[in-house]
Amino acid sequence: MNASVSEANVVLDYTPQELMVAAAAREIADGELVFVGMRLPLLAFLLAKRSHAPSALGLFENGVIRDTAAPRAFMTMGDPVNLTYALKCTEMKEIMAYLQRGRVNLGFVGGAEIDRFGNLNTSMIGRPGEDGFVRLPGSGGGSDIACLAQRLLIIMAHQKRRFKEKVSYITSPGYGDGGSWRTGAGLIRGGPKAVITTMGILRFDPETREAYLDSIHPGVTADEVKANTGWDLKVSTDVSVTRAPTEAELAVIREYDPQGHWTGWRKR
Amino acid sequence: MGASKIIPLDEAIRQLTTDGMSLALGTALEGMIPFAAGHEIIRQGKKDLTLIGPISDILFDQLIGAGSVARVIAAWVGNVTSGAGYNFRRAVEQGHPRSIEVLDHSNYSLALALAAGAAGTEFAVTRSLFGSDISLNQDIFRELICPFTGERHLAVRALRPDLTILHVQRCDSRGNAHFWGSSGVSLDAAAAADRVLLTTEEIVPTEFIRSDPSRTLIPEFLVSAVALVPWGAHPSSVYGFYGHDDDYYIEYAQATKDRTAAHAWYQEWVFGLPDRAAYLQHLDAARLARLRLTHPALTIPVDFGY
Amino acid sequence: MGASKIIPLDEAIRQLTTDGMSLALGTALEGMIPFAAGHEIIRQGKKDLTLIGPISDILFDQLIGAGSVARVIAAWVGNVTSGAGYNFRRAVEQGHPRSIEVLDHSNYSLALALAAGAAGTEFAVTRSLFGSDISLNQDIFRELICPFTGERHLAVRALRPDLTILHVQRCDSRGNAHFWGSSGVSLDAAAAADRVLLTTEEIVPTEFIRSDPSRTLIPEFLVSAVALVPWGAHPSSVYGFYGHDDDYYIEYAQATKDRTAAHAWYQEWVFGLPDRAAYLQHLDAARLARLRLTHPALTIPVDFGY
Amino acid sequence: MNASVSEANVVLDYTPQELMVAAAAREIADGELVFVGMRLPLLAFLLAKRSHAPSALGLFENGVIRDTAAPRAFMTMGDPVNLTYALKCTEMKEIMAYLQRGRVNLGFVGGAEIDRFGNLNTSMIGRPGEDGFVRLPGSGGGSDIACLAQRLLIIMAHQKRRFKEKVSYITSPGYGDGGSWRTGAGLIRGGPKAVITTMGILRFDPETREAYLDSIHPGVTADEVKANTGWDLKVSTDVSVTRAPTEAELAVIREYDPQGHWTGWRKR
């Protein structure tokens, strides 16, 4: 592993997923209660705990509350190791009540499709009977997190077929059609804070609630990002370059994803 | 004391399941899923079932692919390890082996629907799902104004499954069940249902249950039958007993990507195996051994004395 | 890891209680009642409190008799061992030492009000209390029609206490608390509240809490402060630690039957004793010894390993 | 204790409370789920379990479910001994959900006042400001049990000041003003099955829902019962004599009430 990690000030050899994990970790503040989920968000949570947010707590919707990394890596939150030395094991209803009560600072979700206002689709592409109709697994807890967490972080692969002018189905509401739509729709808080993609990080205008490109990952251009976005993506006037993961960060990520199941680092 | 409810699994499925019934399964989410019971339902050729569960995992996919299912009420249907459930997709997209109706919930709204069913109200209330297309299904969700504050809430229609099947670590012959670890919506699914079938890793004397009353999840009066089925949740995990067989999920995804292969999968893993004993033999002992827990973390006793 | 929240009880009451606040106490019903915290509230002369609890037992009676209370939101106020709470009666019937407002709930409606508070909705629904005069209080109860079935339900207004005080068997310095035995409405009362104070028989390392995550009732993020107060629930019981001091309840009833005697009771048991250590000394060691559990019934360990 | 228990066919030496316990026990069928409470109902439940209803289960509103008698007698349901060897210890909400779902066959309540339709008052006698106003402890779980149990058994001392034409306050609804009042009021099931008093047992007419005297305890006359009832109590045309507790029943009752706290048998 050392061989593949270069010296400081030299471009590190990392995957886009590893960079996304590192960027997501930076969105977690110390002491926060985080709806963790699996895959990249779980790695981000663990990385944050090992660096700047040692007191953050993780919630899993099956009913697990953890303050430490599990003793070894796991593929689903229902692995026994995710219960070992947890702080609390309980029902889903209790976890979701904390979310609805406003106690959860940050939640992560992914999506098959997203639009310019951060609305997410994980339910179906097209409609039954239409050509190319694809049924997706559905919301799980995604819609609840998008509705009720104080802040939402979205993690997605940046592809034109996913970043669409209009999503087929709003599974997890973002800012609807912008502005104060959430309040009008009946939502009591929350909304997407950022979309961390394989190409950059999008944030949302505080007035219009439209997504704009806030930072671009090393080696990617704004034009490439725009070309992979299905709407005319606005770019910040002071767009920055996303900070690459540090050597220390990569070491932690790889410790928790030893096979590279989620970050693909062994295949890079 | 109450009579024993222990019967063999095939007998339990014959007695408790009927075509067209609603059935809650996989209520602890990724762990403790009653796969053995589900396979027996497929073998007995049950039809037109309504499946209820939060993130129902590949047991729903298997029941759907077998043509047993008319309707799914769930928040998520797929394969927790690899993503898509291909039988589910084929049923919804192509009507193969039959078309199914899907009533989309979120995890929380499904939990609330079962909690309302368990508590004997006709609905529950939430502030989730506003602005989501999920909430547009008026059969399940209706807006409701708080009579005290005027604030908007969403009413979620109660669910009362005809039958809930739970896999548990241990229970007595009357159905008092210990369950440890995260339980998802299991208790509400059992308390909402008209009947409950427990499949269990172990059957223990009632004295054993009484030794730790805070570990009891399911009380006997909810339970209609108990079937002893060690490894009955494979390939999902059973806390304290065995791990999650991630490889099996990945293999299953590959094996069911197309119709023909899926057909072979059913022959190999369901129809070709008369019962759970045959399933375990086919799975092979070395694989089971790999799934057994190797790092114990025993709880410290507490005192329920006087 | 998070900073320690351990502070002395008197300091905790100073920091967390203010005149006029709402306070949930006695949420596990007859056991685990935070008497030590209540006495400290009396000693610090807090005023105009709103007390919230299901069957709040004589701790409410004591706070009321001390003149600390403006309002009680409860299903039952009295003495679980002997019946009437004389301070409560004097306050309601004669306005002594001050008049109080009583908002009557049933046990279930109070539980639902706290559950709604815990879940962040403005109300909960029930089918109880129809036809009862309790349900006529429109500030708390309003009729609501199920939007799916048209059936009548009763909406119960959510309660969010400013502070909930729980006595627990053990917790860590951050407030992760093990609790075993019947818990009444304790979890919802904690999750509904803006702040939580734990008084505890023992403080243990977090490793100890993590050794049995299904035994955890209260997670740290609900908790503002932790005070170590052994015997902090006397004369009520603490499961695993000490029994219910029935005699004390009977003596209390006799000692508070009239105003003058009640005044002497406060001098003897609250104002005359600066802290819990003095209380225990006054109670005397022989009495404590009699309350200690003598028949252990230890739980059998389960495995949370992998 | 033997000295005070006479031979068969001879009037036994028992207290009215002991007779009430024995009568209440007979109302419990085997296998039933019973909302137990404390005092006489608890003794009735334990007696039923030891005789004709060994499979009955007891629920306590603090969150205890038991299938056996506790290892020793206790004064409150919150005594640790009530948890020892219980089947389940949980939250109140779960217990009450079973009740509301219709799973509880039988519940017991007492009252300070009752009227001819079985409406109970445990909240207040008179109204604030009135002469003789008395504030009582309140409902506890009584109102929930009266509203939601399949059947309700009421246990009360038979005194004219308690058996009133009209109660001051309906804490626990019986049959309202009779007939189908419960349905009209919004109640989904239940209602009082019997009132077991210190003088007799009242039951309710299936049409009018008015209480009538169904049986009279040994040594009491119907006129005495009527004289102690605040309304013109109807008497069944075939009014019977309440069965006295048997020697075996008394032995069990005294085993569970060794000090006579609840039945007063040591002071008889």
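We call the chains A, B, C and D, going by the order they appear; numbering starts again at 1 in every chain.
The definition used in the following text is that a contact is a pair of C-beta atoms (placed from the backbone, for glycine too) under 8 Å apart; a residue touches a chain by one contact, two chains touch by 3 or more.
The structure displayed is predicted, hence computed values, not measured ones.
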**Q.** Steps needed, at minimum, to go from subunit A to subunit D via contacts
**A.** 2
Q: Select, from C-D and B-D, the pair of chains that is joined by more C-beta pairs in contact.
A: C-D
(Q) From the centre of subunit D, which other chain's Cα mean sits the farthest off? (A) A
Q | Euclidean distance of C-alpha centroids - subunit B vs subunit C, Å | A | 37
Q: For subunit C and subunit D, let me know how many angstrom lie between their CA-based centres, rounded off.
A: 28
Q) How far is the middle of subunit A from the middle of subunit C, if each middle is the mean of its Cα atoms, in Å? A) 41
Q. Mind pulling the subunit A residues that touch 2 or more other chains?
A. 64, 71, 79-81, 83-85, 89-90, 96, 100, 148
**Q.** In subunit C, residues with contacts to at least two other chains
**A.** 120-121, 126-127, 143, 180-181, 187, 211, 213-214, 239-240, 243, 293, 295, 297, 304-306
Q) Got a list of which chains touch which? A) A-B, A-C, B-C, B-D, C-D
Q) Once bound in the complex, which stretches of subunit B touch subunit A? A) 28-32, 54-55, 74-78, 80-81, 83-85, 88-89, 92-93, 102, 104-109, 111-112, 115, 126-134, 143, 152, 154, 180-188, 236-237, 239-240, 242-244, 246, 293, 295, 297
Q) Which residues of subunit B touch subunit C in their complex? A) 120-127, 142-144, 146-149, 151, 153, 155, 157, 169, 178, 180-181, 208, 211-215, 239-240, 243, 293-306
Q) Once bound in the complex, which stretches of subunit C touch subunit A? A) 1-2, 118-121, 176, 187, 191-192, 206-207, 209-211, 213-214, 216, 219-222, 304-306
Q. Can you list the subunit A residues touching subunit C in their complex?
A. 31, 33, 54-55, 57, 64-65, 67-68, 70-72, 79-81, 83-90, 94, 96-98, 100-103, 148
Q | Residue ranges of subunit A in contact with subunit B within the complex | A | 60-64, 71, 74-81, 83-85, 89-93, 96, 99-100, 123, 128, 133-144, 146-148, 169-173, 176, 181-182, 185-188
